[in-house]
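Two complexes follow with chain A in common, the first pairing it with chain B and the second with chain C.
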Partner chain A sequence: MRLERREHRPLLLLIGAPIAAIVAALALSGILIAIAGAPVFDAYRRILIGAFGSRLSATETLTRATPLILTGLAAAVAFRARLWNIGAEGQFYLGAIAVAAFGSKLLADLPGPILIPLLLVIGAIAGMALILVPLWLRLRFSVDEVVTSLLMNFIAVLFVSMLIDGVLKDPLAFGWPQSQPVADHATLPKLIARSRLHIGLAIAIVLAVVVYLVQSRTVFGLQSRAAGLNPQGALFMGVPLGRTLVKVACLSGGLAGLAGAIEVMGIKGYVTTDLSPGYGYAGIVVAMLANLNPIGVVLAALFTAIMFVGADGMSRSLGIPTYIADVTVALALLTMLVALFFTQFRIRR
Partner chain B sequence: MTTPVLDIIGVSKRFGDTLANDGISMSLGKGEIVALLGENGAGKTTLMSILFGHYVPDDGQIRIDGEELPPGKPRAAIGAGVGMVHQHFSLASNLTVLENVMTGTEQLWKLWSATQQARRKLVRIAERFGLKVDPDARLGDLSVGEQQRVEILKALYNDARILILDEPTAVLTNIEAERLFATLKDMARQGLSLIFISHKLDEVMATAHRIVVLRGGKVVAERKASESNKAELAELMVGRRVMRPVREPSTPGAVVLEVRDLGVRIGGVERLKDIGFALREGEVLGIIGVSGNGQVPLARVLSGTLARTSGELLLYGEAVGHLSVGDVVDAGIGRVPEDRNGEGVIGEMSIWENAVLERLPAYSHNGLVDRKAGMAFARSIIDAFDVRGGTPASRTRLLSGGNMQKLILGRNLSHRPRILIAAQPARGLDEGAVAAVHTRILEARKAGTAVLLISEDLDEVISLADRIQAIVGGRLSPPLDAGRVDARRLGLMMSGDWSHVAEAAHAP
Partner chain C sequence: MSVVFDILASAGLWAAILRIATPLIFGTLGALLCERAGVLNLGIEGIMTFGAMIGWLAVFHGADLWTGVLVAAISGALFGVLHSLLTVTLGLSQHVSGLGVTLFASSFSYYVFRLVVPVAGTPPTVMPFQPIDIPALSSLPFIGPAFFTQTAPTYLAIVVALIMAYIIFRTPVGLAIRMTGENPHAAEAQGVNPMKVRYGAVIVGSALMAVGGAFLTLSAFNSFFPTMVQGRGWICIALVVFASWRPGRALFGALLFAFFDAFQLRLQTVVEGVPYQIFLMTPYILSIFALALMARRARVPQALMQPYRRGER
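What follows is the complex of A and B.
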């Protein structure tokens, strides 16, 4: 038995493989649900009800998908250029705290229509600033950014923790370590009234399309893909490797920082150290699930959000631990990697 | 007549739509060297992979000493005495020679390995066949030629009686190749049977007893080396008469590129020193030399991917500073890199993207890539340069080496460059593609392009170049007119003895 590269990839295969992967993941976690003693199909039905069964749950699922789209895009653009940014979590927090710092006092006097875009940009810039540290280390000293960008996460979260227990601490929070809230007129408008769903979702989807167009249509997109696929060849054909990587890093870090900013301005209004249940890391999973395709990221983020929100509902009614959602998403990642592998190779005897 | 140790009977193998092997039969006698000659894609490697058990044939069988070999079992093949020397070595560079040779020969659950015994056996084999190599050297520290020796030793260590070598000279220098062939002949005299795969006519004629020619998956001819000649073999291999183009006399024009006292240091090591040459319109200047003598940094400096440390560069008569890739391309310098797959193209990107990547400013507006123009340009290259096996949108990796090289030449020559820097342009290509590449280079010369041809292939340089300089240890010899060239002189030049060149250059 041996593997052969596929020279032609039929369209049906490219569409069918991800669907087969999701089905396989659901089937595999179905075994676990059965072991836990619950009816499998009923459990999945309840996941769907939990995710879409009511106006509240549907908007909640979409709210949850919003930061995942953005951190997923952050990972996807970086990975495509072979820049291993594992630091989206830290960039997320830095974007969040920057918004809290500027939006609560410093710029709070500005009118909303100016303040909101400005704060979003500030959040993005904060994310960019954080990723530039590992990038500089890589370009200057060839330090592996996997390690440095990962470690920056802990520094960033501890830094945020220090701020919200210090200079940015909210005096009205009964001693809880949380930041001062952003001004009311700096919160993002709701997409649907009487829900938590805000225009962050629209921003995220628009950005996914923008990233897609940038990657497929622009000189920068072409060059960053070349740099990722074959740096040696890219250099020979005049791609400025360093500059391209800086741009990619800024885009990636900016998207992650923006995710943090939007989460603060859209939902909570203030920063705590549990603002993100691992959105930065989940973004990596989302990006891989989407095979680094920006449009795929939207779908993958939606799938992940459905599993997490829906599993809460299922857990309440069937008494199965919500961890089943983690397992399913993890399995989906594995089956997706296998499926993508088989879109590129076939087994031959 | 020798008794056949190996019989391949009616072997066929199909991959998708292509019939890679179509009813191939051949035999190998004891103490015989058979060359399997054929162009890239003729089915040579597939056949040998079937023999070694990597592939299962759709039809046919393989007999060793009259016994059928079970298909698809490399272990059985090794057990029957078949040894394979791969083109890309299957060795671990972090292990020593001895460890590499022993790998796979011992059972996994043995508590200790019989190192001493293995060492004695290895030394004995090495002495017997004159394959000198230090058993304790780390493989990564060895030269490519020595690594190949280890690969051969590994096969012999497994008691191979039939040795298969897949394009053994593809990675070797001329001197190393000659040494290898002497070794192979000695092995045959000692009773081993050898098959070597090749598409180089010279080495096939010089080494093999018998030559089997493969084309399109079929055996098209079988000849005794003593009863054939290069021209016949070339025709059999390609299927039509192949004529390498002939250089017509010309009068070179003005100097377009001049280099004076150029030096390059990388990491404190002097890679180029006092390099000087002048390149004129409508001429081909050949730079010969054994690989690793500074060809790579020289090509890179002129291609814009490496900055020089010292020296002057005059482009069209004007002194210029460091040139970036963009500057070089804008200045009308075409570039054909030595490493086609590594530098020349990005295999996973489409043909049109590879066609425009080095000229993005010309194929974009306001940062947006002009896909339509790029596709049209790729289409024009494919048509004009006869690039087969792909459309503008298909992945470049799917092209064969020859077609990839035509694409690279095409994207340069379509823009009528004033200077062409071509590094090893025909390396690893089959006979038909070599002729196509040479024709294009001579056409460019005729159109007035100044060509700098950096090559290790003496035949190539002799047939294309008007003047020849040798690069030795990062220094460049004085030029020698092609009219005064003979093999002895070139040999002396490449060894660093330039006394006769200086004389010849100054002779009236």
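What follows is the complex of A and C.
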């Protein structure tokens, strides 16, 4: 038995592979649910009800999908250029804390229509700043950015923890370490009244389309793809490799920073160290599930959000740990990797 | 200055160094073995988490401590099989597969843990490994409490480092591993099966990572809690580079790292006015410095991260 590259890839296979991967992941977690002694189909039915069963839960799922779209895009643009930015979690927190710093005092006197876009830009810049460190280490010292960007996550969260326990601490929070809240007129408008769903979702979806257009229609998009597929070849073709990677990094870090900014301005209003339940890491899965396609990222983020929001409800009624959502999403990543492999290769005897 | 001297002169510091270094030694050796054969194993963080959980769980359910360690090793080996399937058999991106293994292994650990131990006020505990009393040595003044009050797995870690150095540099198996990591095509021409070597290295390496995790719950602490591995796996990956892929230097690197960590922990309690987060950041900052310092100089296995497919270049 050996593996052989496919010469052409049937359309049916390209569409079927991701679906098969999701089904396989759900089946594997189904085994874990069954081992825990709960009815599998009932559990999945409850997950769907939990995610879409009411107006409240549906808006909650979309709210949860918003940061996932942005961190998913952050990973997708970087991975496409083989820039392994695993630091979206840290960039998310830095974007969040930057917004809290500027939106609570320094710029709080500006009127809303100026303040809101300005804060979003500041959040994105904070995210960019953080990823430039691992990128600089890679370009200057040829250090693999996977480990450095991962380690930066721990540093960033500790840095945020230091600020919200120090200069940015909210004196009205009963000693609880949380940042001062951003000004009321800096909060994002709601998309749907009487829900938590805010305009961030629209921003995220527009950005997914923009990223798609940039990647498929611009020189930069071509250059970033070339840098990922074959760095030597790209260099030979006259692609400025370093400069392309810096641009990719800024885009990636900016998206992750923006995710943090939007989460603060759209929902919480202030920063704590549990602002993100791992949105940065989940973004990696979202990007891989979408096979790095920006439009696919929106769908993959929705799937992930359904699992997370739905599992909350299911867990309460069936007593299955909510971690089943994390397990399913991680399994989906692994099965998707295998499924994508078999769109490129086939087994020959 | 006298503060620094007081810390250095306390036996507690030196005992802590060996204790802090132990999981790092196991993890670094495991990652090193994988990479020597040409496979980057970013599953380490999750495998350590799972090893910590399952080792603890086995002991919690009445197994003795060494059985717990063995169970952890077997679980690590199984994750090694998974990572090998993805990266060796299928030749998928080692970065992505490894991250996938980490995400799966850690969320799976939390799932199993929560299933067995529903949310409780204080996490249940087990009786961990006790320090071994070595006749004569343990009762020496200063030297005894500083270096000879460790638990058995710590001594095992040092022994494993020496054995691995011997195997990699002095045995035919080690030669096959190094050849596979440098040039799998040449290895195959010499009659070595690169696939088998990579499978073997990743499986054994992953087992060592899991043992490192189990040390956390069965010796350093006595209970399991989510996120307890705290990036130790990533630090091990950095230590492999710092060690230039040599087991002896890995041992040294882990001890050096643990020295700084133990030192900052004690400094935290005596220095006032500095936010504690600054101290907690130091291990991660140190790892990044170590990487920047060594990355250019280190001799990377030439075929690291390159999938091997027979008949393809």
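The definition used in the following text is that the second predicted complex is superposed on the first by the 349 of 349 C-alpha atoms of A that agree within 3 Å, B and C clash if a C-alpha of one lies under 4 Å from a C-alpha of the other, contacts with A are read in each partner's own complex, and residues count from 1 in each chain.
As a working rule, a residue touches a chain if its C-beta (ideal position, glycine included) is under 8 Å from a C-beta of that chain, and two chains touch if they have at least 3 such contacts.
In this text, all values refer to a predicted model and were calculated from it rather than measured experimentally.
Once chain A is used to superpose the two complexes, chain B occupies space that clashes with chain C. After overlaying the two complexes on the shared chain, residue contacts for A:154 are found with chain C alone; chain B is out of touch.
With both structures placed on the common chain, the touch criterion links A:222 to chain B but leaves chain C unconnected. Touch criterion met: A:233 reaches chain B, while chain C stays clear of it. A count of residues in chain A touched by chain B and by chain C gives the higher number to C. Comparing the two interfaces of chain A, the one with chain B and the one with chain C have residues 2 in common.
For chain C in complex with chain A, the touching residues are 42, 82, 86, 90, 92-93, 95-97, 99-101, 103-104, 107-108, 110-111, 114-115, 230-231, 234-235, 237-238, 241, 275, 277-278, 280-281, 284-285, 287-288, 291-292, 295-296, 309-310.
The touching residues of chain A, counted against chain C in their complex, run 2-3, 32, 36, 79, 84, 86, 137, 141-144, 146-148, 150-155, 158-159, 161-162, 165-166, 281, 284-285, 288, 320-321, 323-324, 326-327, 329-331, 333-334, 337-338, 341, 345.
Contact residues on chain A toward chain B in their complex (touch as defined above): 2, 4, 7, 217-223, 225-226, 229-230, 232-239, 349.
Per the touch definition, chain B reaches chain A in the complex via residues 15-16, 54-56, 72, 303-305, 324-326, 329, 335, 337, 339, 342-349, 353, 357-358, 360, 364, 367-369, 371, 398.
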